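Data block below; observations after.
Order of writing sets the chain letters: A, B, C, D, E, F and G. Residues in each chain are counted from 1.
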Amino acid sequence: MNWNAWIPLLVVASSLLPGLIIFRLPEERVRTRITLNLIGAFLKLVLVGWMLWGVYQGQHFETRLALLPDLDLVLRAGPLSLIFVSLSTVLWLVTTVYAIGYLENSPHRSRFFGFFSLCVTATVGIALSGNLITFLIFYELLTLSTYPLIVHRGTEEARRAGQTYLAYTIFGGALLLLATVWLYTLTGSLEFTPRGFIHGLGEEHRTALIIIFALFITGFGVKAALVPLHGWLPQAMIAPAPVSALLHAVAVVKAGAFGIIRVVYDVFGIESAAELGVMSPLAWLAAVTIIYGSLRALFQNDLKRRLAFSTISQVSYITLGVAIAGPIATIGGVVHLVHQGIMKITLFFCAGNLAETLGIHKISEMNGVGHRMPWTMAAFTVGALGMIGVPPIAGFVSKWYLGLGALEVGEGWVMFVLAGSSLLNAAYFLPILHRIWFRKQTAAWPHEHNFGNKETAWALLLPPVVTALMALAAGLVASAPFSPLEWAQLIAQREFYQP
Amino acid sequence: MGITFIDFPWAIALILLPLTGGLSCFLWPSVSKILGLVTVIGVMLSATGLGWLVIDKGVYHYLVGGWGAPLGIELYVDGLSLLMLMVTALVALGVSIYSIHYFELSYQRRFWPLWLFLLTALNALFLSADIFNLYVTLELMGLAAVALATLTGSHDAFTAAMRYLLATLLGSLAFLFGVVLLYHSFGSLDIAVLSERFESNITAWAAFGLISAGLVLKTALFPMHFWLPPAHANAPAPVSAVLSALVVKASFYILLRLWLEIFSQLDTDVDILFGFLGSIAIIWGSLQALRQTRIKLLVAYSTVAQVGYLFLAFPLAEKVGVTAWSAAVYLILSHALAKSAMFLAAGNLLRFGGHDRIADLDRVAQRLPITVAAFALAGVSIMGLPPSGGFISKWLLLQSALVQSQWGLVGVMLIGGVLAAAYIFKVLGRAFTQAPLPHEPGVVPATMEWAALLLAGGAILLGFFASEILAIIEIGSPFGAGEVKL
Amino acid sequence: MQTLYFALALFLLLNLFAGMWRILKGPTAADRMLAAQLFGTTSVGVLLLLAQASANTVLHDVALVFSLLAALTSVAFVRRAWLSKE
Amino acid sequence: MLTEYVSAVLLVAGAIFYLAGTIGLLRFPDVYTRLHALTKADNLGLGLIVIGLSLQASSFAAAGKLFLIWLLVLLAGASVSHLVARAALHKGVHLWKR
Amino acid sequence: MEALALLQDVFDILLGFGLLWLAWLALFSLDLFRSIVSFISFGLLMAIIWVRLDAPDVALAEAAIGAGLTGALFLAAFAKLQPASVNGKGSSINPQKQSSRKQLLRWLPALIMLWIASGLTIAILALPPHATGLTSEVTSNLTASGVSNPVTAVLLNFRGYDTLLEIVVLLLALLAVWSIGSSVPSIESEPGPVLDTLSRLLVPILIMVSAYLLWVGAHAPGGAFQAGAVLGAAGVLLVLSGWKLYPGLEGFPLRLVLTAGSITFVVIAILTMLVSGTFMQFPPAQASILILILEMVATLSIGVTLAALFIGSPPTDIKKL
Amino acid sequence: MNTVFLYALVGIGLFCLGLFALIVQAHLLRKILAINIMGSGVFLILVALARRTEGGIPDPVPHAMVITGIVVAVSATALALVMILKVTESSGQPEFPDEESK
Amino acid sequence: MSNEIYNIFLGFVVAWPLLLTIPALHTRLPWPCFWAIFPAAVLMILPGEAFVAPSWFLFGTGLGVNSEARWILAMTVIVWSMTVAVVKFSSEQTYNFRTPFFFLTLAGNLGAVLATDLVVFVCASTLMGYSFYGLLLQRRNESSYQAGKIYLIFLIIADLTLFDALLLAAFETDDLRFESVRQAMTSTADTSITYLWLVLIGFGLKAGVWPFHLWLIETFKYSSWPARLLLGSVPVAVGLLGIVRWAPLGGATYYIPGLIYQGLGIVALLYIIIRAFSRIQITEIPAWTIVAVTGLCNVALGVGLAYPSLWHKYQYLVYPLIALTGVFTMFLSYGLSRTKDESISSTHRSSLNMFKAWSENWAGLMQQRKQNIKTRFVLLWGTVVLKFKFLHCFQKWGIAPGVLEQQLQYWPNAITLFLILVIVVALSVFL
């Protein structure tokens, strides 16, 4: 009777089942595959929309299945879950369209789309998980399902990138497991609770809790690419563009960042975490990552690598927002989860378009490409400017709230981090924009495909334009109902103000 | 006679079916394939029947010959042995399906009787409640295993099997010596009677030492693992699967059983030693696996590492007995399924490529997707990643270690998991790469691929039925009642 | 009388050990085999004496099997071990 | 009582023959001569012991069994001696020459 | 009686030390053949010790299997090893190699061994000097078992399940041996008239003795294993005299005979289950006849299996598959 | 009842002697001999200790166990011997190859 | 005209050029140029005040027009119309290809002029600033790129500074309209000083106030002349407008900042006089003039800061002044820029090169340095290993597990270990 109990599961299944079917589809059944993918994506969209509406009206969506004697597999839709679910659902749809165009006539598509769907399943699972063990399960599933995507090209380089990726993530996963089990032995519960569930623990567990927190951060930090743990991300750029897009914008790094959000808010709780004194180290770590990632990005000539380092830097805004530990900073962090996703996916789509249409991989090859592909590059420009934090694009809103949040709790130094990072962002993005728009084409494109009088295929062009518009809209109409900002405010309210 | 379905002596069927099957296969070799399959399906059904019976009515006793404890032999089924029987049946089914097309005709005739006798031995072993009977089943199992391990007929296989034979004979002898001492100290061979009469004296200690040592040798705990990797790596794939999945576990099962029932009354620190060796085994086995260039050796070394995990339960059980032991049992189950799947998959790869060098895997991910999927899924369980049986066991182990603040063991488990991932993805990573010159691939029948996937899927599914399975383990409370709640 | 039986059995046993020197010495395999043959025969004697001493006629069966199988190893030796080139 | 003495004497004699056989086995120079010594133990040593024991046997059947054993040992001993000698010759083991 | 006890003790000590000495010879002689002969002698001495320990059943089994068959097996293997060794080093291990081997590897195990030996000695000496074990249980249930020889009762009734498995072990060993298959042909020559006569004379006697042991096993030492071993010895003797199985019998009939013991065991076990409701629970009234049938078939199977094990290579019927 | 312990100790001696040989001897045939002798040692202890009964009749259960054990031992030996032949055939040495290389 | 429609029209004024960008992306027609300015011109002459602030837009901020804004709007319309006319009727068609940037800059400019609050102002001026970059680079040669780069760097720093100022303002008050910010700032002294400095520096950078004038000179020299026409109004006038709008003028007394600002303005004037007499080139004159004008404005603003009463008195003059500046500089530029002089004085070359070395090569320098460090480390390790031979074993440690495993496979070792295990088991039992 109670359909609400099944909807989270359905959301997860809506990409899992198509994925499993796609695995077994023969390579040449393109149409079936596309249909399946799109049906799944739309179905998920509808379901998520339903949940959004429901949660807005105060309904509960929760699926609960027994896993261990005292531990359940819980999928629950709360505001925080939904913001991430919506992001991944929308971007999955877009990325699927993009991937269909990108991988046209390339080999192993069944495998690719199969894992692609699994990857989204895992992400959605992460978003919806209602306790740590569920989170952990989907988190590891994500690791596993991304791996084949990273090594998809099957070159030696890809393999090595895959190994690096695994070396990092498996290590992180191990730490997470340890932290989770440890926490479980201390508290006997793993259920995500607003403002955490560790209050009851006495002072004698203080050290243990600090270590657990550190373990969590290290574990999630691997995927969120916090600084000493970011090494895998630039290497993983070897994957096809839709994968990089998904990896950077939605799935992997976001999963890490989302994990940090969950741990701080729903496991430890802001207050308890602040009491433990772990927040400012976290903030510093995020700050270092932000600056370091930007600095490294400056040196990259490979477009995707530069974007990768940019991701390292940008994702830490989320962490920073969480670590600043104020309601407004929370809004900034959470909303950046969405904003960074939209903007970064745009950039990666564009990078993919360049590679696919013109064979351009290096920034030095991009001279004058704005005339060849104005729409793509316009989208790229929006994304890049958004990353810098140029108003009124989405990135500005995030930075705005981060800065305000920092001021609110008296962490003035964050302003310098933000400013420095923006400066560096500008330093590595603006030269690209300069090249695209103002330089003359110096050499023939490395490997040009002809798409008639269009600049590229529709399936390739549409997604970046759409996401760029979304990025623009997210900034421009930030205060509209159901906008990411509004949801972030709802979340902050729940975390800070509700009894 | 009025034998209803539930009263049917399933336990006896579990022994007699494979025995008769083996004999029939020997008598009528030309139909051995069918006979074997029918037998294994029968075994599967019997295990299910027994499971039903035990879950329904609790612990199951059977007095063979009607004589009863001190004089005769008893069969005893509690949750622990039931699960062992069930997983045996499952692995047996998978392996048998796989073997239909794996062996050539002449090897079929050799394989089936030996395999069914091995199955007999395993079933009898898990059912037995009599230490001398255990010795006989151990020997039966050992000889069958050695014989099966030689089936590839290669030089390496014979050398490895010879080493295996010597190790298994030595282990059995040490066990027998222990049995002798126990019998002469306490005047019984029945485990239950022994546990009643047991008292800690010097003879009991010696018996304990001998039995532990013998079984540890057979279980291939570091550094007694020397015989295992070559033997498992050079055997035919289905045999490797059975050896790693079940045979090694059988001796561990005995060790566990005796430790729990009899030797728990000894006040020893051996558990710490076991934990220590287990830790080294995890690290060492994983490192060795990482070093290998051949898949089957890699998988074999992985078994060495996984055996190490089993022994971690000993030091952990001191305070949280049930959790730690359940973890070990769960690990046995999931490892049995996963490792057999892994070996079967490795066999497919070997057949496909004509070799099992990891570096030259030549795009198998595309050519043999099901096999690679099986390998990967099994790998997930071996690594202890969720959602899989391996994860549950690792979870429970970690939990029990953390409750007692056993940091060393915690570290070892984590490092072991990471290393496991490293060696498994060493293979999987290569599966996606492409060799510059694709060679002519061998044909791998679908049954072989699906058999591997079936088992791997089982290992994953175990991760979803933890509460049910943990409840089954508790039947007859083999780990003693009264547990500190975590 | 029992003492005598035992004494004789002991004597035969010593005898037997003395014969073992041939096993040690060789020089050919045949010599060693002969020693083993003597060993068997002597053992039969010992067994018979022991049977008498303990009044246990069952031991005659043992002796019987001994005497039957004593030939077996020798034959195996001659037919298998010694026919091969050395 | 007399039987006992006779039997004892026979047994001792048998034992002495055994000793002789052993000494022969140890002292004789080559396979062929050692074979000769061995048969002394087989035939006479065991024979005398069997006779000695059968004097004390409880039943005729028991005595018969004893004799059967002796016969078997004789048979085996003779055949084995022959086989060994033949094989030795065949293999070219040299005869001992003084 | 002092002298008698002293004599007995001396006899036992001598036996014990002789046994150890022979074991030493068997294990550490430089000449491999000497080792094997020592081992055969070891078996003989072992049988005497069993007699001294009032275990005539074991003595019979040891005499037939330990001393006779195992010795023959070793000799045959030894013979086959010679041509198999490529470099023709022969039977003995190169003494140089022995000496060059690291000394540590010798004395460290030796020390350990001493340690273990002392530990075990302490453990054994700590046992109570008197213990009844299961004697009383066996004796009190002997009447219900169908036989009066307690060892046979234990083997075939009380712990018949063990015996079933054990027969399977034997069969399994044969299966394994056949599966591995020996590719070294044993050298055959004409048996010659003496051997021929010997086997003609001895084989019937062996069969008769086997039957005797089987029959006597019900109430006195003896039984299926001993009888089977003797029968196996007969088979070995036949094989050694150049006798070959009629080719038509090498296939299914041979396999049937080999498995007959196990099959009969299983069939009777199931029958008993149908009748009495419990697996292998012999009804006391029919116990003796059932055990006798079992033993007869088992003897046949054991004998043939042992002989087949001695031959080593699978029959042509299996080989060509 | 000294005989009992005398033979039990001899059994221990055999066991340890066999074990020692199993370690130090490289030749596979000797290893098999060693296993056999170890087995005999265990059987000896088993039977020797069975004679500790007061009534004079030794405990029959160990006897039955030993008979079973002997049959198992002969089975294992037969198998081992065939395998030695195979190993020797392929490596040319009746030893483990790695020990050969030492 | 009802208020609703007026409000919508207000939004439309800004949105219209933006919308025109889309067709302009592909077509290179100059035709919509006038039409883009047309709504603004209409707005200029429409009487009355309008204000629109949709709640969903940004942070609920909006646009408005009043008499003050109308001055600036008028300037904007004039300047842009002139520029359009020049572009349209010039024969040099190559200039037309940057139409999108043209529209974007226009939209930004209009937005900034019509902004009623900080956020919209920032958004619009940023849009204007970045797209103006596109206009600056029309010549597409290396020197213009260099100049553009300098411009961009100043722009970014200015934006960052303003962003921080914005945050400070938002921290003080939720309502970000100019008036309320001004009030909030006057009430909180310590924040307001920081805020003030941020604003002064930020807009100083944008407007090219001395000593931040470097970019102005460079861009003026190397940009095409239509861009030069806009230079006076687009960044400079808007920048000055920003100071006026943002700074808490007329509230509290900022004596010292005011003094400093006056000083700066005077120094700027003096500096320009010295420059003008030394080696200034004719093409640079308008740029220097702009700097001088801004210097004058600075003096005025400084006075306003130091003496709020004076500010209140003459405040109505500010907007016309700014408007005049824009128009005046445009005409100045137009008059002088027809002389084509591409030559660059040597001093400028060297200063440019220095800048280039700093701004562009530092990344490369870093890279080189990193390489060096790496090589050095390898060399160091090599020497150490040569010195201490035993370290070789560390290099070979990788094979150790293999050797060990071989040892374990060796039967005697293995079984010996086994026995040791037995002993340890037994021992541990004993102990």
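Please note the rule applied: contacts are C-beta pairs under 8 Å (C-beta built on N, C-alpha and C of every residue); 3 or more make two chains touch, one makes a residue touch a chain.
In this text the structure is predicted, and so the values were computed from the model without any measurement.
The chains that touch subunit A as well as subunit D do not exist here; no chain meets both. Set against the C-alpha centre of subunit G, every other chain centre is closer than that of D. When C-beta pairs in contact are tallied for each pair of chains, E-F comes out on top. Computed from the mean C-alpha positions, the centre of subunit A lies at a distance of 72 Å from the centre of subunit E. Averaged Cα coordinates give subunit B a centre that lies 31 Å from the centre of subunit E. Subunit B and subunit G have CA centres that are 69 Å apart. Spacing of subunit C relative to subunit E, judged by their CA centroids, is 18 angstrom. For subunit A, the set of residues that touch two or more other chains is empty. Touching two or more other chains at once are residues 8, 36, 52, 69, 76, 78, 80, 105, 109, 113, 116, 119-120, 124, 127, 131-134, 138, 158-159, 162, 166, 169, 172-173, 176, 180, 195, 198, 202, 205 of subunit E.
Multi-chain contact residues of subunit F (touching two or more other chains) are listed as 15, 19, 22-24, 26, 45, 49-50, 52, 61-62, 68, 72, 75-76, 79, 83-84, 86, 96, 102. The part of subunit B that touches subunit E in the complex is made up of residues 1, 9, 12, 16, 19-20, 22-23, 26-27, 29, 62-67, 70-73, 105-106, 109-110, 113-114, 117, 120-121, 124, 132-133, 136-137, 139-140, 143-144, 146-147, 150-151, 158, 181, 183-185, 187-188, 201-203, 205-207, 209. Remark: subunit E residues 105, 108-109, 112-113, 115-116, 119 touch subunit G in the complex. On the side of subunit D, the complex with subunit C involves touching residues 4, 8, 11-12, 14-15, 18-19, 21-23, 25-26, 31, 34-35, 38, 41-42, 45-46, 49-50, 53, 56, 58, 62, 65-66, 68-69, 72-73, 75-77, 79-80, 83-84, 87-88, 91, 93. Taken in their complex, subunit C has these residues touching subunit E: 2-3, 6-7, 9-10, 13-14, 16-17, 20, 23-24, 26, 29, 32-33, 35-36, 39-40, 43, 46-47, 50, 56, 58-59, 61-62, 64-66, 68-73, 75-86. Of all residues in subunit E, only 8-9, 12-13, 16-17, 19-20, 23-24, 26-28, 32, 35-36, 39, 42, 46, 49-50, 52-55, 57-58, 61-62, 65-66, 69-70, 73-74, 76-78, 80-81, 84-87, 93, 97, 101, 105-106, 109-110, 113-114, 116-117, 120-121, 124-125, 127-135, 138-139, 150-151, 153-155, 158-159, 162-163, 166, 169-170, 172-174, 176-177, 180, 182-184, 223, 225, 302, 306, 309-310, 312 touch subunit F in the complex they form.
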